[in-house]
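To keep things simple, chains are lettered A, B, C and D as they appear, and every chain counts its residues starting from 1.
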Amino acid sequence: MTIGMTSLRYVRGFIDEVVTHGPGLKSLVINIDKLPVTVPGQFIMLWVPGYEEIPLSPSYHANGVIRLTIRERGPTTRKIHSMDVGEPVFLRGPYGTGFDLSRRARYLLVGGGYGAAPIIFAGHVLHKKGFESMYIEGVKSREYGLYTEEAGKLGMESMLVTEDGSSGYKGLVTEYVEKNIDGYDIVLGCGPEPMLNRLIEICLEHGVECQVSMERYIKCGVGICGSCILEGTGLLVCRDGPVFNARDLLEAGYEVGVDD
Amino acid sequence: MTIGMTSLRYVRGFIDEVVTHGPGLKSLVINIDKLPVTVPGQFIMLWVPGYEEIPLSPSYHANGVIRLTIRERGPTTRKIHSMDVGEPVFLRGPYGTGFDLSRRARYLLVGGGYGAAPIIFAGHVLHKKGFESMYIEGVKSREYGLYTEEAGKLGMESMLVTEDGSSGYKGLVTEYVEKNIDGYDIVLGCGPEPMLNRLIEICLEHGVECQVSMERYIKCGVGICGSCILEGTGLLVCRDGPVFNARDLLEAGYEVGVDD
Amino acid sequence: MTRLSTKISSLTLVNPLVLASGILGNDGLLLARAAKAGFGAVTTKSMTLEPREGYDTPIIAFVESGLLNAVGLSNPGYRALPDILKEAREGGAPVIVSIAASTPGEFHIIASYAEEHGADAVELNLSCPHVKGHGLQIGQDPGYTYEIVKTVSSSVDIPVFIKVGITDSLMETVSRSLDAGADAIVAINTLKAMAIDVYAKKPILSNKYGGLSGPAIHPVATRVVYEIYREYSPPIIGVGGVMTWIDAVEFILAGASAVGIGTAVAFKGLSTAGEILQGIEKYLDSEGFSSIEDIIGYVHRR
Amino acid sequence: MTRLSTKISSLTLVNPLVLASGILGNDGLLLARAAKAGFGAVTTKSMTLEPREGYDTPIIAFVESGLLNAVGLSNPGYRALPDILKEAREGGAPVIVSIAASTPGEFHIIASYAEEHGADAVELNLSCPHVKGHGLQIGQDPGYTYEIVKTVSSSVDIPVFIKVGITDSLMETVSRSLDAGADAIVAINTLKAMAIDVYAKKPILSNKYGGLSGPAIHPVATRVVYEIYREYSPPIIGVGGVMTWIDAVEFILAGASAVGIGTAVAFKGLSTAGEILQGIEKYLDSEGFSSIEDIIGYVHRR
């Protein structure tokens, strides 16, 4: 895969809208014309000059509008959370692999925390294609919920899973998936690694295809610095991923179920 | 005018045929695929590694075959004259302006010496377009004749003018032109500068448009080194020319009739 | 001063674009033509004491990232300056005379002669990478540079610019030049390079080595402009790989008061000046700046 | 020896392509993967005595003519070498351990440790342009270089390569390195450069300065390879802007026995190795050469 020259320079966009979802969770809707269009699951690098640049998987991108859903975590995301409508941000990308949404199949979409971002984007695309899919989002508590409503509005079946039972199904998102996986052909997952590991196990048990988006420390984004290595596999998250087919991961030596 | 990137690198061609026209006059027919197509009057730079590179105006170019008609003059052209079928040569280009052959008009084509090269090429193109034209070639003596026969084969009216009367009309080519210019709309000329100067004067007198191809020492070919300046005009032969409309030349301060 | 105008020492330019030395600079009418095409100032080819034929062709080679040249300082010799200057000045823009020489005495002779015949500034070429005994070898010796600059700056009244190339002692050369009275720094000259044609199996240039210019050297030049501005903030003419208005603005933000253009002329012709100026104006508008002066060295401010 | 194989001192490579230092070189499995993707040898990231986090992002900036990086020598420290080497060697290609250090003693410690744990060669990085106290500052001092190379070459049996950058004393550094027992020269490292985003109005890299690689530096590297071969004809690994087989062949004709590749991996991925090798084979065929060895330094022969 050759990276297109257009993906290599920063493009400036301006914040058009700031959505506060819940504690430490915001989305920026950004007007940005010249950014090549992103496939759900691909990531962009966002740079606020004076801070670090960080990888983010858009929760929506079409017609010159990109939406980034961002959890406050450290200095850079804190800065981003302090930004207002009209301020500029700098994006380069998109990079890496996206979810394979090309097959007419039944998709089970599973997002955990801000991992819901590329998942709801995938939902939009699948909806547009008229493919059948269900959207499941796992969070600690209802105030962290992101996109079940948006999925519902698209006419998709959708479910919020909260650890504390404050809304929707009570428990871990993976428990809910395990109970409802029958009838689906492909599971798409993004979220904390233990969740993804469990998702892979469940899919293996049920013989269902599984694509997961992995997270590592991304510095260059283009497969040159080696920072984003998936230990023990020789795979790069920024170039071979972030979206991997679970089978490829396991074949490369990735080990699930070690840390939950 | 922006120079295309494809015109900037050398393309290797192989000599397919060597034609000996007369004393010190040869043509090389060269197979060369990747050279962008030349407009009659434009020039290419020919490089034989180990020697200088020199500007030449093709006498034919189509379908991956280019013909260069070359007078032996100094070390580089001597080397070229010693080359054989199968040997490689390196070309870059085409550069500069070509003759304007776009108008449905009656063209008088006038070549002097190896200046006949772009003129016969123009003849080929005009013939293909079905435009009316006459080909006149001026040389010292019949053994230096180049392309009157070829013009004849194309079905064009053609005339060899020899200074010694060994064939065709006896005299200077410009004398013949002066007598026969009536009825033509455009004169295209290439040859020694005194010939071109006289041609310009004749055209002025008869109110006929005149395009001439000028020669200066061309080193870079792309308008950067300043070597090919037409003194007193601020015009560059390699970029503003080599083909100039006589009117533009005179407006820029070019002086005719000074040295013949 | 209008929004595009800029100052380099005592020279005022209607706009910051300078035709770099060596590009069409042997002929006064061509220089005038460049000025009329939109260049805010024009520089002659580097003039030497004696006329120089220059090297055999090929004198130029195109590479992926720019251009190599080994013209060999071909020039008519400094005695041609009166004619060149007379014609060039009719373009209406200041004319900078570039000088290549080996000793303080030679530089002095040519600089004085240039001043006498109407040069608006002289530029001492301490950085030509492919001609022995000229240029880069001098630039590598800050002490000798000091001597040369001192000699010239104390003998002419017009501004004296110093053209530098990439050497280990670059910053020291700049510092000593400024100590010696240099009025502006021109950075950078080409980088010593080579291109081989794999089918010809030979270096392309007859001189084998040539100077690399164009997009290849732009990030190196930007770094140098930034460093010089950060350390000494003299007037700087940034040169190297300016192909678009973005490259020009990069130089100015880094600290350049003006921007030299060479290779872009080979690729796009003289009209490139107009396009770059348009781009700069649009940029000033869109970013809310009122003039070029507002953005000189801007990246250092925050 | 097959037609694509080549020798660098006592190392035999199945083909002349070497993964350059700093590209994916912190992880043994990645190095093995590069070997399997077709690289004839692989180089680790430059290893330092202590682990280094490296700089904040942005660590990379794209420019028209290539890439700027300021990774900041991020590496896990030389004590990670046993693991890296064990995994890397499974790729089947020789593994070159690059070392960045400040003193002969430090270079010695890391080189011996690398040898002990299976390195096929060590490469002394005397040329990193954007990390203080490492690299280029050493390369500018031929005497100190001599001391370092002497120390290392007399303490390990595996070949010792010297990686050089562009400095005024480059040829002297090479000469002293060879005197001191260096087995091959790796040329060149990146050039110190800067990229400014005109809308951000800031240098892009968090470190401001970075190393320029890619097409921009290829003609400079070709010149250096040519010069080193002409003067000393040691085994040379030519590095800098190899994007296509043509660039690789250019280096080999100029005198390189092998060709390093870095930036092309960012643009085209590891599969670029296969494409370049194919191109080289076709070239050998079409030009009537029987092997790589036939064309090493070919341009010097006529």
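The definition used in the following text is that a residue touches a chain if its C-beta (ideal position, glycine included) is under 8 Å from a C-beta of that chain, and two chains touch if they have at least 3 such contacts.
Since the structure is predicted, the reported quantities are computational estimates derived from the model, not experimental observations.
Undergrad: Spelling it out: a chain qualifies if it touches chain A and also touches chain B; which chains qualify?
TA: Correct list: empty, since no chain touches both.
Undergrad: If you walk from chain to touching chain, how few steps can bring you from chain B to chain D?
TA: Contact-graph shortest path, chain B to chain D, evaluates to 2.
Undergrad: By mean C-alpha position, what chain is farthest away from chain D?
TA: So the chain farthest away from chain D turns out to be B.
Undergrad: Would you mind pulling out the distance in Å between where the CA atoms of chain C average out and where those of chain D do?
TA: 33
Undergrad: Give, as an integer number of Å, the spacing between the C-alpha centres of chain D and chain A.
TA: About 37 Å separates the centre of chain A from that of chain D.
Undergrad: On a C-alpha centroid basis, what's the spacing between chain A and chain C, in Å?
TA: 50
Undergrad: At which residue positions does chain B touch at least two other chains?
TA: none
Undergrad: In chain D, what residues contact two or more other chains?
TA: Those would be 199, 201-202.
Undergrad: Once you draw an edge for every pair of touching chains, what topology comes out, line, ring, star, complete or other?
TA: line
Undergrad: Please list each pair of chains that are touching.
TA: So, checking each combination of chains, I get A-D, B-C, C-D as the touching pairs.
Undergrad: Would you mind writing out the residues of chain C in touch with chain B in their complex?
TA: Residues 22-27, 29-30, 32-33, 45, 54, 56-60, 62, 67, 69, 71, 74, 197, 199-202, 204, 206, 262-263, 265-269 of chain C touch chain B in their complex.
Undergrad: Within the complex, which stretch of chain C touches chain D?
TA: 63-66, 68, 140, 166-169, 191-196, 198-199, 201-203, 208-209, 212, 214-220, 222-223, 226, 241, 243, 246, 249-250, 253-254, 283, 287, 298-299, 302
Undergrad: Any idea which chain A residues touch chain D in the complex?
TA: It is residues 1-3, 8-10, 12, 45, 47, 49-50, 52-54, 88, 90, 92, 219-227, 229, 232-234, 236, 239 of chain A that touch chain D.
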